[in-house]
Amino acid sequence: MGSMIAARDSSSRRKNYTQIILYGILICFLLFIPLFFQSPYVLHLFILTLVYIIAAASMRFIMTSGQIPLAHAAFLGLGAYVSAVLSKHVGLSPWLSLFIAAFVAMGVGIFISFPFARLKAFYYAMVSLFFGVGLLQAIESLGKLTGGLAGITAIPTLFNTASKVPYYYCFLALTLVSLVILYRFEVSRIGWNLKAIDQSYLVSSSVGISEVKYRVLAVAIGCFFVGLAGGMYANYNVTLSPSSFDSSVTLWMIIYVTIGGMNNFSGPIIGTAVLFLIPQYFSGLKQYAPFISAAILFLVIFMFRNGLVCIPGLLMAFYKRKKSTSKSR
Amino acid sequence: MTKKGFPFLLAAIMLAAILALTSLPGCSSKTTTATTTTTSASAQPIKTYTIGLCAELTGFLGAYNTATVNEAQIAVDMVNENGGIMVGGQNYLLKLVVEDGKSTLDGTTAAANKLIFSDNVKFILGPDAYFNSAVSGLCEQNKIMHIGGYCTMQPGELDSTTTYSFLGQGASINYFTGVLAYLKANYPNVKKVALTMPDDGSIPYFGKAVQQMVQDAGYTVAGSIIGYDNNAVDFSPYAAKVMATQADAVIACSGVVLPNGSILKNMRDAGSNMLFVVCNSVIPSDYVKVAGTKESTGVVDCSACYIGAPDPSPILQEMITRYIRSIGGTGALVTLEYANPVWELAQLFNKANSFDPAVVKTTFENMSSIETFYGTGTISGLKTFGIKHAVSYQLPITTIDNGVPTFKQWEPALVP
Amino acid sequence: MAESTILLIVATIVNALVLSSMYILLALGFTFLFNIMGILNFAHGVIYMIGAYICFYMATVVGINQWLALLISVAVVGLFGIFMERFIFRPFFGNINSIIVVCIGLITVLVNAVAISQPYNVQVTPAFVQGILKVGIVSLSWQRIVFFLIGVSLLILVLLFINKTKQGLQMRAVAQDLEGAILQGINVHFVSALACVIACALAATAGSLMGSYLSLTPYMGNDIMIKVLEILVLGGIGSINGVLFAGLIVGTLDAVLPIWLSGTATQAIMMLIIIVILLFKPQGLFGKEVRA
Amino acid sequence: MILEINGLTKNFGGLTAVSGIDIKVNDGEVLGLIGPNGAGKSTFFNLITGVIPPTKGKIIFKGKDITGKRPHEIAELGIGRTFQLNPLFPNFTVLQNVISSFQIRPRSNWLDTFFNTPVYRKNEAYILEQSLEILNLVGLYKVKDELAKNQPHGYQKMLGVARALAIKPSLLLLDEPIAGMNPDEIDNTIEAIKRTSQRGVTIILVEHNMKILEICNRVVVINFGQKIVEGSPQEIKENPEVIRAYLGSGHDTKH
């Protein structure tokens, strides 16, 4: 449907080209990052950003259907732990366990979303929050397998090297593929149906959109990608602990989405890049660093209600207004 | 779907982020670990040498580690004011760079990553407890020497695979040799003990070792180890559980002050007089804070927390003086969890005459004793960890009655 | 029955009652806010923490009587409630994502400010009431009994306020039908601010008391926030009776479950119980059917 | 006969909203369902379309029992409906509203959808053409690119009809299609309903505005959840029972 609506726009063809060129430049830029930065630490930050971008984008995908998945960080943890346990204790290849983790997360997501599909709005959000907390505690209480609160260490890694460059390229590829898939879902009829359910499940069911089916589908797709992100995280980071996936992480993921812009696909990407990378710059402030994140939050939420993605639109509108006022004079 | 302009923004933000990151300290290749500082007084330039400290400055260990990091800084100052260290005929001053692990394993991993790759340090001190496992593996991989603070004996913290990791301050297990000997001598009525421990995954390892030790010392352990949730809202159920064992004493193994103090308080509130034995690095007077003055009674504390022994060594005396000055407060509250590793590392540099972690490590392994703030420490641990990498030394035993901590005696402790 | 078993049972009952009453105080304020402003104030746990710290600071550093400190804490936090209503909730009325963002910002600022300003992470407010009540073999601390009584009397006060006073009536009117209430000439902003003040004051009371019963950490609000949400959803969002009932259930489970289970499994089982209840009663125990 | 309802009953707790209604609807007719507020008309629609399950009774559509089916399954069978309130997707444009409603025919499988295959594109092109045609039919073509929530009330109601038509229904349920409209809008709407009916769609409409009776072939009056009387519009207007129960109960007849 997206393509069709774009096709109505007579000037869309030219705009598409500029868009393709811009995305091309962006991707080239991302490809050259390891050449710009010799420091493994900066690459490390970029790699983590890529992981969180997948997580936040998949969270937004679920949120387009009107469900607020407050268990999303727990699913990230589920993916991470499944991949870690499979590769460390079962001895599977990390590459295999990564994808098994994604499917396990998807399976659990589907399993819970059938009963949860009865719950609306706040109840869904809260019950998924409890499920997330419970899931994490369950992971934690399996001490022998997961190391409990202390966490799990010495997880087999994807590449047998201390260098971070292969991880960067691999994760960049995985992230781009995931984003493209999520984007395709979003602009396809599936994505539109999710948005329709969000606006009115009653009306959408009256035209034949099955509420349960699409809500489950949204959770399944979202959980698959967040599970994948979790697996990537586990097999890159080598260590895992439950506290990295607790409910405050979910809330931060919602912040990534909201600050970036909930109504736009690039919202979570921009939000994650800004809110994950910028506070790192101030990490030298130690205990005072969290205030920087909070300051960004307040600034953006009070100035740009619709998130950072609305800035170009606002600028353009400002520019146009200025032009028209100068013309009228 | 309005998409126009978003690639622009995306690119701009990425660019901004990248530009910001390039100016991050340590990202530019110019930074080296040894920098020359010109001092006006001496003709010979004195260089500084940076060592890393991985600590949990925020999160549940936050305030505790802030204090221990403060001590580590004092120890560094003491080393520097005594003339620094001498390596290869060159005089160096030590510089401490601290990274925050946020009291999570992943945060600690990130902090260690930052120390290794961004601050380019070759020696990492800290962190404590199970967070060590996040650092040990990385240090092994990158051939960085690591001296941890406290150990809960979980896999990956210190074993034969972590050849670059050491424990500079006790090993948690050595507290028990001291306290059990003290209990035997002073509390002959105690026959049955209950054990409490945070349910953080260390029960199968640390808990098992402790249980074995307690049994070997001739005590019966009441029931199984009582594991509590570090984040529980209310600890009174655990207190009720401890009281229900009707043991003569309860030994609080590892864990931070909040749960232990709360359990103590709830036990006293409910009218139990059970002897409360604390075996971990917690400042005794913190118990008084958490449990209350009246409730803090009948407590035996064996930890690295020193409180007013009559005969401190000169360096300990110095440390206490400076510490009191630095917090501008009252009372000697010293846990020395990171200060001892600093002191040990300074000695090692002088002795090894090198900044190569492999050389320093070998030097450490070949030594049999090393000076600490608590007197001479022995290097051992082969039986417990499968590797001779743990420093143990005498520990102070303190009792608390009616909210007043009293130093009793030094108790020699040894990690087998 | 063995003596130890009796002791365990009595201790557990007392724990359950005290915990429940404090949980209910918190959850009641939270429900108030939700009913009247339609806002899920995720910062409620932090308000509780701030209340506890103000009371602690007044009682130990300034050195005044604990009860006076409690009143000061309630007053200060209540005023903060007005601030929150005006500058944080009103601009984002009805936008749940934005509210979450603002609340997280608030939590980050307050928690870290407290964490930095405190030299040690663990503090305890001095006991409000000293002494132990001995009944046969059972000993109970007076403090717990008093806390329970305070909790119950505050609950009764709040319920009386809602049901008997003009302002309470206005609140109920706003909760039921916002537009209708506006048409009736009710000052909705005033009612919202009042609800905010009451919610914050209740949280501050619970915090101050719990600061002495448990201990203070900058992070004490996080876990209690989950409890509040559990109570809210279990009771049925917006139902006052639901809060009372669910508060009792959650408090009791919290006191009972750790007796058999070791630490971390407790929360998992707790969540399982709540989710199962909710799957059978999707609107909570006392919730109304949502209109289509 | 397209729809047959036997003894349909719904209890909400102690309250009986609909009790034992029997109605037969013939192919191609326009059936009016009238009754005062709270007579159970909307509940009746919700029961037919599966939004709420009936307590008792049977609903047979084209010879098939559809009692207890889910709303989207009933929509797939070809029963379209509009709503009294929130009749649209507010954040979609008018055109998107209609396009989104094309769920049933033609249907691309999800692989086609995902990979944007020629089949999918052909289907979507067809859907676009159909949607524009429907918008023409209901007279909303001129506002097709505007957000639905910004439309006046009358347009929103018509959009509800357009949306219901998108599922190509053989039976269309209209819930108060002209309530709250001004006379102009009422005329337009009645025209549109007539046009729709001429295309062979069976229509049941609920209304308490008597004006709608002009276009009905047959009228059923319900009150307190029960069928009072059934007949041609003329008969209904003259039926004393109806006048007493409905027209005389405070509602003025001019309305």
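Every chain is named by a letter (A, B, C and D) in the order it is written, and numbering of its residues begins at 1.
Please note the rule applied: a residue touches a chain if its C-beta (ideal position, glycine included) is under 8 Å from a C-beta of that chain, and two chains touch if they have at least 3 such contacts.
Computed from a predicted structure; not experimentally measured.
Steps from chain A to chain D, taking the shortest chain of touch contacts, total 1.
At the far end from chain C, in terms of centres built from Cα atoms, lies D. Chain A and chain B have CA centres that are 36 Å apart. Mean C-alpha position of chain A lies 32 Å from that of chain C. Chain C and chain D have CA centres that are 48 Å apart. For chain A, the set of residues touching two or more other chains reads 5, 140-141, 148-149, 202, 287, 290. For chain D, residues that reach two or more other chains under the stated contact definition are 51. Counting partner chains per residue, chain C shows two or more touched chains at residues 112, 115, 222, 262-264, 266-267, 292. Residue ranges on chain D touching chain A, taken from their complex, read 49, 51, 70-73, 75-76, 80-81, 83, 86-92, 96, 99-101, 103-104, 108, 110, 113-116, 121, 124-125, 128, 163-164, 166-167. If you check the complex, the residues on chain A that touch chain D are 1, 3-5, 184-185, 188-190, 192-193, 195-196, 199-200, 202-213. Of all residues in chain A, only 68, 115-116, 118-120, 122-123, 125-127, 129-131, 133-135, 137-138, 140-141, 148-149, 202, 247-248, 251-252, 254-255, 257-259, 262, 287-288, 290-291, 293-294, 297-298, 301-302, 305 touch chain C in the complex they form. Residues 40, 42, 91-92, 96-98, 100-102, 104-106, 108-109, 112, 115-116, 222, 226, 229-230, 232-233, 237, 262-268, 270-272, 274-275, 278-279, 282-284, 290, 292 of chain C are the ones that touch chain A when the two sit in their complex. Within the complex formed with chain B, the residues of chain C that make contact are 4-5, 7-8, 11-12, 15, 19, 112, 115, 118-124, 126-127, 130, 132, 134, 139-141, 143-144, 214-215, 217-219, 222-224, 227, 254-259, 262-264, 266-267.
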